[in-house]
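Listed after this line are the structures, all set down as structure tokens.
What follows is subunit A paired twice: with subunit B in the first complex and subunit C in the second.
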Partner chain A sequence: MGEILIQSKNLKKYFVDTGGWLSKRKNTVKAVDNVDLEIYQHETLALVGESGCGKSTLARLLINLLEPTDGEVCYKGENIFSLSAEATKQFKKQVQFIFQDPYACLNPRMKVSDIIGEPLTTHKLANGTSKENRVEELMNLVGLRKEFMNRYPHQFSGGQRQRIGIARALALNPELLICDEPVSALDVSIQSQILNLLKDLQGQFGLTYFFISHNLSVVRYMADRVCVMFLGKVVELGNCKEIFEQPLHPYTAFLMNAAPIPNPRLRNRERLLLEGEVPSPINPPPGCSFHARCPYVQEICRVEEPKLTDRGGRKCACHFSLT
Partner chain B sequence: MESQQQAIEQSQYLEESFFAELIQSFKQNKSALVGSIVLVLFISAAVLAPFIAPYDPYNVDMSQQFQRPSAQYLLGTDMFGRDILSRIIYGSRISLVIGLIPTLISMVIGTILGLVAGYYGKKTDYIIMRLADIVMAFPSLLLAMVVMYTLGASLLNIFIAISMVNWAGTARVVRSQTLVLKEKEFVEAAKIMGVKNWVILLRHLFPNCIPSLLVLFTLGIPDAIMSEATLSFLGVGVQPPMASWGLMVSTGKEFLFMAPWVAIVPGVAILIVALAFNFLGDGLRDALDPYLKQ
Partner chain C sequence: MAEYSAMIDDHTIRGTSTPEKDKMLEVKGLKTYFFTSKGVIPAVDDISFTVSRGRILGVVGESGCGKSMTALSIMGLVPPPTGKIVAGDIILDGKNIASLTEKEMCQIRGNEISMVFQEPMTSLNPVYTVGKQVMEAAILHQHLSKAQAKEKTLEMFKLVGIPEPKKRLDSYPHQLSGGLRQRVMIAMALICRPKLLIADEPTTALDVTVQAQILQLMKKLQTELDSAIVLITHDMGVVAEVCDDVTIMYAGKIVEQANVFEIFDNCLHPYTAGLLKAMPAFKENGERLYNIPGMLPNLLQLPKGCRFYPRCECASAICAEQEPDLVEVGQGHFVRCLKYRG
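Presenting the complex of A and B:
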């Protein structure tokens, strides 16, 4: 494994809802709670978890789009929240983002050439002909015809728009790409095209991906390592193959089990399904946040919060762990 | 080469389709169409006033006092024997200027303040919006009159008075649009790239507010025309002998029973133009609203 590219230390983001100045209500949502995570150079780290577990918040913290409540994010050893203006500018060149919604991520009133060229003009790297050449090069790279340069986003399909978004993210030759569910809004046939494009680009430029997804088959195809989140906390982290084949945390096991099976002949095996509701992140239960739904729950789970500990090259936050 | 040609053709087709759609929508919306036609006539009258006015609007001829509408004087004459039709035509110039310039000024102020309030939020938003609330809480006519009394009656001061009153509405609309737009992912993308805040405002937020601004603009013009007419009617607006429609109603009201046309004709002119702008504004709003499209 290579060097650590970006690392979060005790990262916390709490959203406080005071309910206005007349209300005494004070609710705290712990969207990201004490997350320690390392992303190594040239790897793909996938982040999985159900809706509302803090995946997108974590992604937005890693690129300094949100201020954390506590903790730090170190990019190449330096905390990104205390960088000088010049260093922040450099950081923003090296980390880029690919969005989930290909419709909302492109300004409807800008031409494609201006959208892809915006990072270049912002960092004063190119203008005029040099910008045009670079935009052509990028469009070629992501498989768009250069004749589309003067079109507007509404003239493209979802897959093409996502390609535009990728071209924009690549314009500054970043090292780290954070992909927030980049294919979940696309047709299945287009999904594979985009995933293969991302893989090709990774090989070509040695990119590092932080890949957020709902879709476990996508994760299995893309990731080197997988990080499983539940209610703002990392519950399991490890090698992709190992996690898929032998999950340690009960939540991971249920998550893997809930994934649809494409082959109908294999479908008749018994499925483990979770009972109950996801606990509200506003008032998470004491102890292990998963205890209300865990079939293996013991007394200690209701009282003590399990720590993320090393289990033979993997990390898992459970008092017992499967196998 | 062929595909390039195709791409160009297609883009032209799509560019045109926006206006084609607008025209299509106006064809179905008869009141918007009528409004546009009236406004074209109104604007040509203002521009071509010296060529189409049958008489000099300032020429006093006491022998022709209070002539009824006739073949010689189509809309009659006033107490100084001036031809009312000519005065209406010249008055359209003032109405046009009063309609356009203060609306434009108030739109510029309102747009800037609305964008800033919506984008920066927190204290900035609070201060700007409370200021807008204060302006809106006052009866707008009263506020305009206070401005006119303190600054004195002149065309420039009418601009200031009307702009001061009208910016708040624009600011509110633009702010609410900005609040929605700034959460969009393309704004996030710009922030991630390190685009400066004012560039985001200018390049990403403002262009997406333009359709609403267009509607506000057409609806703001009749408001301004009405305000000028009211101010002139009350004697704090345009001063005689300038031919303003509001002023004509004001001076004509003394002879309402003896020569009703002196006050009624300019009154009807105000009504028609204000209605035409409102129809056009409504039509534009419907045409640009994606939810109303079939």
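Presenting the complex of A and C:
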């Protein structure tokens, strides 16, 4: 493994819901609660979890789109929340975002060349012919023909739009790409094209990916390490293959088991189905946040919150372990 | 592997050979065209399939292949004025519903056939409680009184596994999670005990854990109610989990049709093979994923010959000239490819 590129320490983000100006009620949503995470250079770290577990909030915190309630994020050793204005600008050049919905993330009134070239203009890196050349180069890189330069987003298919989004993210030669469900809106055959493209680009430019997805087969294909989140907390973190083959945390086991297997002969396999809904992040239960749904629950789980501890190269937040 | 195969009974394996009386829905030569200013778009072009009582048919294909339009045609909801069913029969339990008037269709829709849509948030009305919305179907079609309908709704909520069903009757859609909303949609679709349920990507917007719950629920309810289900999806994983028969569509036509085991073990059409190969689930990290080259053809300018020919890796010269027919290659296994003609 390479050096640590970005690291979060005791990162917290609480949202306070005051319930309107007449209400005396005050609810705190712990969207991200005490997350310690490091992303190494050139790796793909996948983040999985159900909707509402804080995946996107964590991603936004990592690139300074949100102010944390507490804790810090260090990019190459420096806390990104206490950088000078100039340094913040430099930092934002090095981290870029690929969004989930290729239909919503492109401005319908801008031409493709303007969309891809906009980061270059913002950071005053190129203009005129040099900008045009760079845009051409980027389009070539992601497999778009340069004749498409003067077209508008609505003239493209979903897969092509996602390529435009990727070209825009690459315009500033970033080191870290945050991919928030980049293929979940695409068809299987297009999805495989985009995944191949992301893999190629990673090899070519030594990119680091923070890959958010709820499609576990995509995660298994893309990731080096996997981080599983539940209600704002990391419950398991470790090598991708090990996590898929032998999950330590019961929640991870449920998640892996719920993924559909494309083999009809295995459809009658033994199933672990989670009962109930995800508990509300407002006023989570005391003790382990998973205890209400966990089949192996013991007395200690209801009282004491488990810490994320090292288990032979992997980390798991459970009083017990499945092995 | 052996013990799993042993659990699958003979009926499931042999698939489509079902007696006439078990046929719940038969679609014969259905054509739904759109007449636009740019030309005629054959969105659904000569589709035929059968769904039997107690079975789940999966309709699979990329976006724009006509799978949702097939569903809307069966429901009689093809968007006017450009869209029109130009030919074909839709026979529901022995009755042809393709030629019914809108008024007659209203009696059938929601009563004998019902549909679950992809987006549970947009298909529920945000200003009425979910209880009221589910009751509406029962009051309209079963002519129940309000109290009876409420009781029935409560019963349905329990059946689909909504926790605290009594309290949930008075909830508004925004107060429920995505999984619960989809359960409400299923309760609404099943309250009149329809003969046929059409589910258009019912789990695409949901998490894997909730998806697994909803799929299990649909299977369980189907055995209880003995209805037929048409499940529209683009996820072969979902197909493998719940479907009995599979129809693969490409550019408005059926390209392959067989029972689920045939499709996964012995698929014949290059497009089906491509869809299966493109899934990351079969690959190790680092291995390149297969992708089907090119894109769906523009339905306004369809290529001569086979519609899949420009993207096909096994294409030969004749594919550009001659349009293949859907031929039966094995028991209940149909394929539209010139490699397998006669």
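Operating definition for what follows: the second predicted complex is superposed on the first by the 323 of 323 C-alpha atoms of A that agree within 3 Å, B and C clash if a C-alpha of one lies under 4 Å from a C-alpha of the other, contacts with A are read in each partner's own complex, and residues count from 1 in each chain.
Criterion: a contact is a pair of C-beta atoms (placed from the backbone, for glycine too) under 8 Å apart; a residue touches a chain by one contact, two chains touch by 3 or more.
All figures in this text were calculated on a predicted structure; none of them were measured in a lab.
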- Task: Overlay done on subunit A, so just call it for subunit B and subunit C: clash or fit.
- Result: fit
- Thinking of the overlay built on chain A, is A:Asp17 touched by subunit B (first), by subunit C (second), by both, or by neither? neither
- Thinking of the overlay built on chain A, is A:Glu304 touched by subunit B (first), by subunit C (second), by both, or by neither? neither
- Query: Is A:Tyr221 touching the first partner subunit B, the second partner subunit C, both, or neither of them?
  - Reply: second
- Task: Could you look at A:Cys240 and tell me whether it touches subunit B, subunit C, both or neither (first, second, both, neither)?
- Result: second
- Task: Quick one: the Cα-centre angle at subunit A between subunit B and subunit C, nearest 10 degrees, please.
- Result: 80
- Looking at the overlay, does A:Gln96 come into contact with subunit B only (first), subunit C only (second), both, or neither? first
- More subunit A residues in contact [subunit B versus subunit C]: C
- Message: Contact-wise, after the overlay, does A:Gln191 reach subunit B, subunit C, both or neither (first, second, both, neither)?
- Response: second
- Could you grab the smallest C-alpha gap between subunit B and subunit C in the overlay, to the nearest Å? 9
- Message: Taking the touch rule as given, give the residues of subunit A at its contact with subunit B in the complex, in rising order.
- Response: 63, 65, 88-89, 92-93, 95-97, 99-101, 104-110, 118-119, 122-123, 145, 147-148, 150-152, 155, 165, 168, 172
- Message: Show me the residue ranges of subunit C that touch subunit A in the complex, using the header's touch definition.
- Response: 1, 4-5, 7-8, 62-63, 163, 177-180, 207-213, 215-216, 234-243, 260-261, 264, 274-276, 278-283, 285, 288-292, 295
- Query: Which residues, counting only subunit A, touch subunit C once they are in their complex?
  - Reply: 50-52, 157-158, 187-193, 195-196, 199, 214-218, 220-224, 240-241, 254-255, 257-269, 271, 273-274, 276-278
- Query: Quick one: in the complex, what on subunit B touches subunit A?
  - Reply: 3-4, 7, 10-11, 14, 184-186, 188-195, 199, 203-204, 207-208, 210
